[in-house]
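Shared between the two complexes below is chain A, which has chain B as its partner in the first and chain C in the second.
And then the complex of A and B:
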């Protein structure tokens, strides 16, 4: 090994040692400890942690109706965001074209994502307020009083209200990601297709979508991860209520740990979140690959 | 190019300066929107001075001769923290203990406070002195030292009553009272008398609903905890047993129809079914509800003494029009009038405190004539130290005088068995209250379900 090669290796090692140590300390170790804690009974305060085997998992699967309710609520966020992904892609395609004001619209669409989530949640909680809330006032002013609901207290409506806030917040991020993907498509391929007589839909279906598979994959993964980890919006706006009507999986695990002092069960729910994200992401991946194979 | 460089340097400087200023901030305040049970006491507008207090220090033990500098962290929440700051507790203590610095650690509310303490307890990094709520005592008993031998404990009317397995975990500095605040002019205009039974209370609310645009009882139901005067305390009032949770923990079917919990909750369901808390009580948070009541958009509001300062601030000049009465839960005028009280703000010393003697000395000083009487009288709370008289706002005096024979039920937050069952079953009376406010809630089905889960939990935990 010559001296240049050795110096390069030393440099690489020194550059990587700190990130790897931090990664091991703050990601790997806590993850392993989370998995370990899912097999114990611990109230978070006492010095003893009693090993109870798979009891937490059994309780989680067979004896936690409120947890399943929270999972259903989480699914609402997932499916609503999923339905909007094609719309976000379409908006990104529009913004990528040379329409007037595209730059301004790009900034406006991304703005909700960079605003603090807690601040947004507080703002929307007042928007949805039954007394003097902006939404009800607007509906009254355009003579749509019949559309007024108990936005945050009706169990049939509350999750849709909260998912709308989440859509407002995260749409912009997806649009920007799709834009980045669109801008990575070589211009000459598009031009060649245009010369060959391809119309907008043909170009979109046979060039744009296949070229953006990586970005679409990422957005789909971000969707399932975001839905499973949805916490700040329901926590601030409704606290998961009324009852558990708007509780999400992550919010439920937090309450299990801090309100009911059951860190073992909360860790079990954390492991479940991890597994669900991986399983759903793999299924999505498979579906995207199959669709890509059909179009090839 | 030069201007871009200058701008970049200026921005970098501003960010660095902000970072340094932020990191240099001494007192920590943790914010969170959620607050849980029996929330906290408020500041009063009266400025209290400790100058008039005696400077004699009648603390028994501790190393007062040491001149080594000592810092003691005192963790407190909500308006209690503001009160300690306004009354300059650190300066007051320094007058007689110049080597001791009291550092306040502030938390927004009991929910944030409890969550932080749990995390710090697992790392053995609790503050030296914490001010616990009564329901936290069992949870943190193992992390606090025994204060049985303190002079402050001996002179306290409540401390030993709240001992956990014989261990005095903390010494409480006030006893709470719960009231229903109301607008006197609204009652006068509608010809409503202050209710003295539960049915009269519901009837008064219905009268207000039928004859005015006001919300009869303002309830910040979106935050689950504001229903605590009803959902948490009524079973204890019905049973006239402050230890009802412990009593229930020893039963397999505490939710049967003939048990106090079921009786109280059926009475409560009548109130919720009357829909006297506005069109959407679950759409309002407590902060908004408090302001709405203060601006006379609501006629009544159930809360403790702790809420008075904020409500009075929201009411402004109109606060003199505000009255209060004790929540009437009895069925008829011939029954005993019962009202809840519980000791609160328990000063505790953590096991990891490196200056335990100095911390004990501080607690003895806190409850001595050097500090306690002036503090408790300026705050308007019920004193817990024998021989100290309280000074109360007029509306509370009137409320107490209206029911001179009221029986006081001293409330306990629940012992170890109850807390274990709560962990196992996720039994939460305040969240249950939210569910009771929704249309079509089946209370009997819920009580039956609770009996099943309760019995299962007792069996699996081996509770006799």
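And then the complex of A and C:
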């Protein structure tokens, strides 16, 4: 090997060794360990971890009503966000137009995403608070007392209250991603279509949407992943309560690990999170492909 | 539908009502969005400059007049001493993480992009898969690794996690490296420069926009991060801005006006970053999310 070759290999090695070691140590190993721990019973402290096979999985599926409640609550976030995706796309289309001030509104739409999640969660806590909370006060002052609810303590309402916080935070992100997708469509194609006599709906259906497949796929995937991992908002505002009325899947898993000291079961739930994300993402993919097939 | 108006100077002006109506409704929508975005923020800001009595007696949206505005809440938060520790820790986490991420991310992206070698596909695939992993859940297992490394309750734990995970910067750097012409590398090599020199003198300076994007995005992510400091740094000496706020929340229950002041203080850093560095934030979010 000549010096250049040696120099090259040394450079490659030195550049990659640190990120790879860190990655193996803090990402790969914990993931594999998580999978392994789903088959044991461990409290996080004692020396041995008892291998119990599929017991955790059986308990998780058949004997965890609180976990299933958490899953239902998580689904609420998923479906509410899903409902808003077309609206977000619509707003992005509006922002893409050459209207004056579109840039400012673009910034305003995105701002909620970069605001500190915990800070804004507490702000919403104040909004929703039963004791002198801002929302109830405002409703009173405009004579809508009938709309006053126990936003955070009524199990029928609490998930919607929290999902609204999630909408507030994340719609802006989706809008910006859609906007980026829209702005990447070459002008000439749209102009050619206009010249050929296409109206707005036609252009939208046959040019815009197909060009945005990448972005739309990503937003749909991010929705599943985000919903399954929903943690900050319920953790800070209600802690999952009352009881488990507002608990989410990830919140329940982390509680199982760090509050109930049941790392085995928590790992099993973790594996379930991963599987659910992949399964739902694949189903979404299939549905979108079928819808596209109809259009083409 | 348009109407022709004849002006004093006998010019004909066409007003397209449909266009005006749609413009109007678009602006109406934008104003609604603005109100929704600012509602919780304004309510918090307003509450932070009121006394408890004012809070109870006035509407949450009513900003107190200039001589009724009180800065007592802010004074209490500032004098509690916790803010300085939190800012110190948060800034430390941000600076160290950004520096290491910039060095490691850029070299890794450069090597993966410019060189061919065995295992390259494997390494790249490994990093790709890593981005799919659910964030919070892996802490269940990562926690054990940190404990064994004796990093629990140190500033090292979050830093290691911030450097090792979230490899979104690989995509940002990779895109920028692709834009640098290989001719640059080659002419430097002909001049006798070694690989390290090529990278530091030529490549890295050309990656400055990517580094800036990375710095801003990472700063926002780390300043807003809650769970990792919460889980790995329970000591009161190691509070970050976010975990400090959580402390305040439990000690100030019922005192919304003081908590609001703390909320505003914690919100300000990332809002400022956003106002001044919007361009980078948008670029980074889009580049990191929509992978080719």
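One rule holds in what follows: the second predicted complex is superposed on the first by the 275 of 296 C-alpha atoms of A that agree within 3 Å, B and C clash if a C-alpha of one lies under 4 Å from a C-alpha of the other, contacts with A are read in each partner's own complex, and residues count from 1 in each chain.
Keep this in mind: contacts are C-beta pairs under 8 Å (C-beta built on N, C-alpha and C of every residue); 3 or more make two chains touch, one makes a residue touch a chain.
Everything numeric in this text was worked out from a predicted model, so none of it was measured.
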After superposition on the shared chain, which partner residues are touched by A:7: those of chain B (first), chain C (second), both, or neither? second
If you stack the two complexes on chain A, which partner ends up touching A:84: first (chain B), second (chain C), both, or neither? neither
One more residue to check, A:155. First (chain B), second (chain C), both or neither? first
Figure out whether A:110 sits in contact with chain B (first) or chain C (second), or with both, or with neither. second
Would you check which partner chain A:204 touches, where first means chain B only, second means chain C only, and both and neither mean what they say? neither
Winner on chain A touched-residue count between chain B and chain C: chain C
Could you look at A:131 and tell me whether it touches chain B, chain C, both or neither (first, second, both, neither)? both
Touching A:258, do we find chain B (first), chain C (second), both, or neither? both
Going by the contact rule set out at the top, does A:236 touch chain B (first), chain C (second), both, or neither? both
Contacts for A:228 in the overlay, against chain B (first) and chain C (second): which applies, first, second, both or neither? second
State which residues of chain A lie in both footprints, the one left by chain B and the one left by chain C. 118, 122, 126, 129, 131, 236, 258
Spell out the part of chain A that touches chain B in their complex, as residue ranges. 43-47, 66, 118, 122, 125-126, 128-131, 150-153, 155, 235-236, 238-239, 241-244, 256, 258-262
Residues of chain A touching chain C in their complex? 7-8, 11-12, 15-16, 18-20, 22-23, 25-31, 33-34, 37, 91, 94, 97, 99, 101, 105, 107-112, 114-120, 122-124, 126-127, 129, 131-132, 134, 137-138, 141, 168, 172-173, 176-177, 180-181, 214-215, 218, 222, 225, 228-229, 231-232, 236, 250, 253-254, 257-258, 263, 266-267, 269-270, 273-274, 277
What residues on chain C touch chain A, complex-wise? 23, 26-27, 29-30, 33-34, 36-38, 40-41, 43-44, 47, 55-56, 59-61, 104-105, 107-108, 110-111, 115, 117, 123, 126-127, 130, 133-145, 160-161, 163-165, 167, 194-196, 199, 220, 223-224, 226-227, 231, 241-242, 245-246, 249, 254, 256, 259-260, 263, 266-267, 270-271, 273-274, 278, 281-282, 285-286, 289-290
Sites on chain B touched by chain A in the complex: 33-34, 36, 114-115, 118-119, 121-122, 139-140, 142-143, 221-224, 278-285, 288, 292, 297, 419, 422-423, 426, 428, 431-432, 434-435, 437-438
